[in-house]
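Just dropping this structure here.
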């Protein structure tokens, strides 16, 4: 048959586009300091730090997505919808950052940040499962994904942060930072699986 | 001859870019709750649901577009303009969502939502026809597209919703949700045509 | 040598990205009608028509760009900068549309529309010349581009429209519409050059 | 093994997406003249020139990125994070332009422009180093990058401009323009390395 395969290329390209836009339009939400001296940036420091945290967070999702899809051989409708579910929650990150900024890090907005990123983490796990179902349990990508304790750990941390935001916002923010620290180590599982091929 | 072919690659890439932006900038239209507690989200619930519906709607167009183009072998100017016509109407979705939000789901804005999505559905059908004209009636993609009763059904449902919006907005919204339910089943026609190749 | 070539792929991808964003963010500039009935759209009609005209205009640039680059074999720094010059002027289209809207189609804003699109047309011609210089006068793309009377004609029409905007805005707008009509015929020159390959 | 390699393709595509958005949304920050005549553009001239300078600046980063990555054979996590660091600072360019505009080129905003672009230049150098570490000192890309005096020169010029902005904004702006002049010559080092392949 002459048609092309339902390969991962276009899902990757679409994800790249959405993540590139999310990461870039967050900056449209930042309010410019009202005066022209550099001290004015101190007043903007909390929202700038929220921007940095979110940039790293979205960058993490993209980096791990990149690693995972480099081992994917085929996709189906379930993979595409799991991936869209992930992108939906990521797309709400700029909305939550604006809310954090305008409410001066109120408890509700801090909790919403955890809900949005926790659901994005669930979306990532759903995408992993859909990929394993589509490529088979013996496929390279399934063996590379392995047990995924980091995925489950970050979902648990985010949803622990949500009620904690109403006790103390700083507890919640500390948990969100902990998730980033957990993931900042690139996904060695898949990197290791490729090492033989890349360097051997 | 040494030049490259007018293949579908760049039309896909451009469509991915436009759809990725549409899906992401809709969130820029959402107004942040005025207070910082989670109850404040209840006031934002209607427009958040409109956002979810539109995200799923645009995701559906992209998913079906992905399936259809995976079987396309060549494109011409007519395919490109039919596809641009589709993208034009999709690009108005964020505008209509903002109008729905600011007018508190007024009848005119609810009707406009149906007009915009109905014309996008017509654009999708025009793209299908242009692809069949370009690739031939015996091509894999033409056989895969088949009778397209879902396309005609959704156009009919959207344009039935337009006058109904002036009778009751909830009738119109129910019809719009019905179209999404109709399409949420991924396009089995093309998936089936590929099954032999993908799994066999 | 093991490196990859400086092929046209990434220039195409970057152009697709920029054009996709331009075409989509124009809609962010549109002001929502103040009331919720469909009659309210009549007040928005002029700017909606300016949006349609600009969407078709930017779509034309992209379509012809697509046709031209499908025959390009190599690019160099000059091609990239000529293409960036083209994208710079295209990126100002949303700015001019907003100005047209807020000034209710004042003469200065109408003239600015012609300046911006005229300079974009010059950028397109510069890109054509840079491509011919890089690929050689005997290359497929050089023979396909040929005499380019449409390019020069549209530059002339746009810059005739600029002073006419101060006499009558409708003369200028008529000229801008004439350019679109001129280009709406897809670039048969290059299509013809490929016909043998595509259908033969 | 059946998986695909961690090649540079998706890092390039993601970078293209982010840069395309940055370059395009800067125009959303531009305020439209309050009247409709062309003289009104004179009041907008400083911010329009800042837009031109930034467009050229971001275009330079993209052009050199394109040249460099055309010689890259593999990427790893370090390359991806160095590249994200570069994109992070580039993404703040629209924010600084808006600040320059609203503060009428105040000293603090002018200094912030140098900080943001200086850190972007550091990000570019970090990406170069990560690529050399990943591809080997004897790789085509490592030989092509060579001594990189222009990279270090531009970092030095940007950070010299930051304190100078508080003495005279025009000194600082002159230095920023000098960096652009320095880079406007396309990266001959890598172009030369490819010449044999491209023209030979």
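By letter and in written order, the chains are A, B, C and D; residue numbering begins at 1 in each of them.
Here, a contact is a pair of C-beta atoms (placed from the backbone, for glycine too) under 8 Å apart; a residue touches a chain by one contact, two chains touch by 3 or more.
If you're wondering where the values come from, they're calculated on a predicted model, not measured in any experiment.
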Inset, instruction - Fit subunit B to subunit C on CA atoms, both being copies of the same sequence, and give the resulting rotation angle in degrees, nearest 5. - result: 90
Inset, instruction - Farthest from subunit B by Cα centre, which chain is it? Let me know. - result: D
Inset, instruction - Would you mind working out whether subunit A and subunit B touch using mostly the same residue numbers, over half shared, or mostly different ones? - result: different
Legend entry - subunit A and subunit D: spacing of chain centres that average the CA atoms, whole Å: 25
Inset, instruction - Compute the distance, rounded to whole Å, between the mean C-alpha positions of subunit A and subunit C. - result: 36
Inset, instruction - Please list all residues of subunit B that touch 2 or more other chains. - result: 13, 17, 20-21, 25, 28
Legend entry - Footprint of subunit C on subunit D - complex, ascending: 12-13, 16-17, 19-21, 23-28, 30, 32-33, 35-41, 52, 55, 59, 62-63, 66-67, 70-71, 73, 140-141, 144, 186, 191, 193-194, 196-198
Legend entry - List of subunit B residues in touch with subunit C within their complex: 1-6, 10-11, 13-14, 17-18, 20-22, 25, 28, 74, 76-77, 80-81, 84, 87-88, 91-92, 94-95, 98-99, 102-109, 111-112
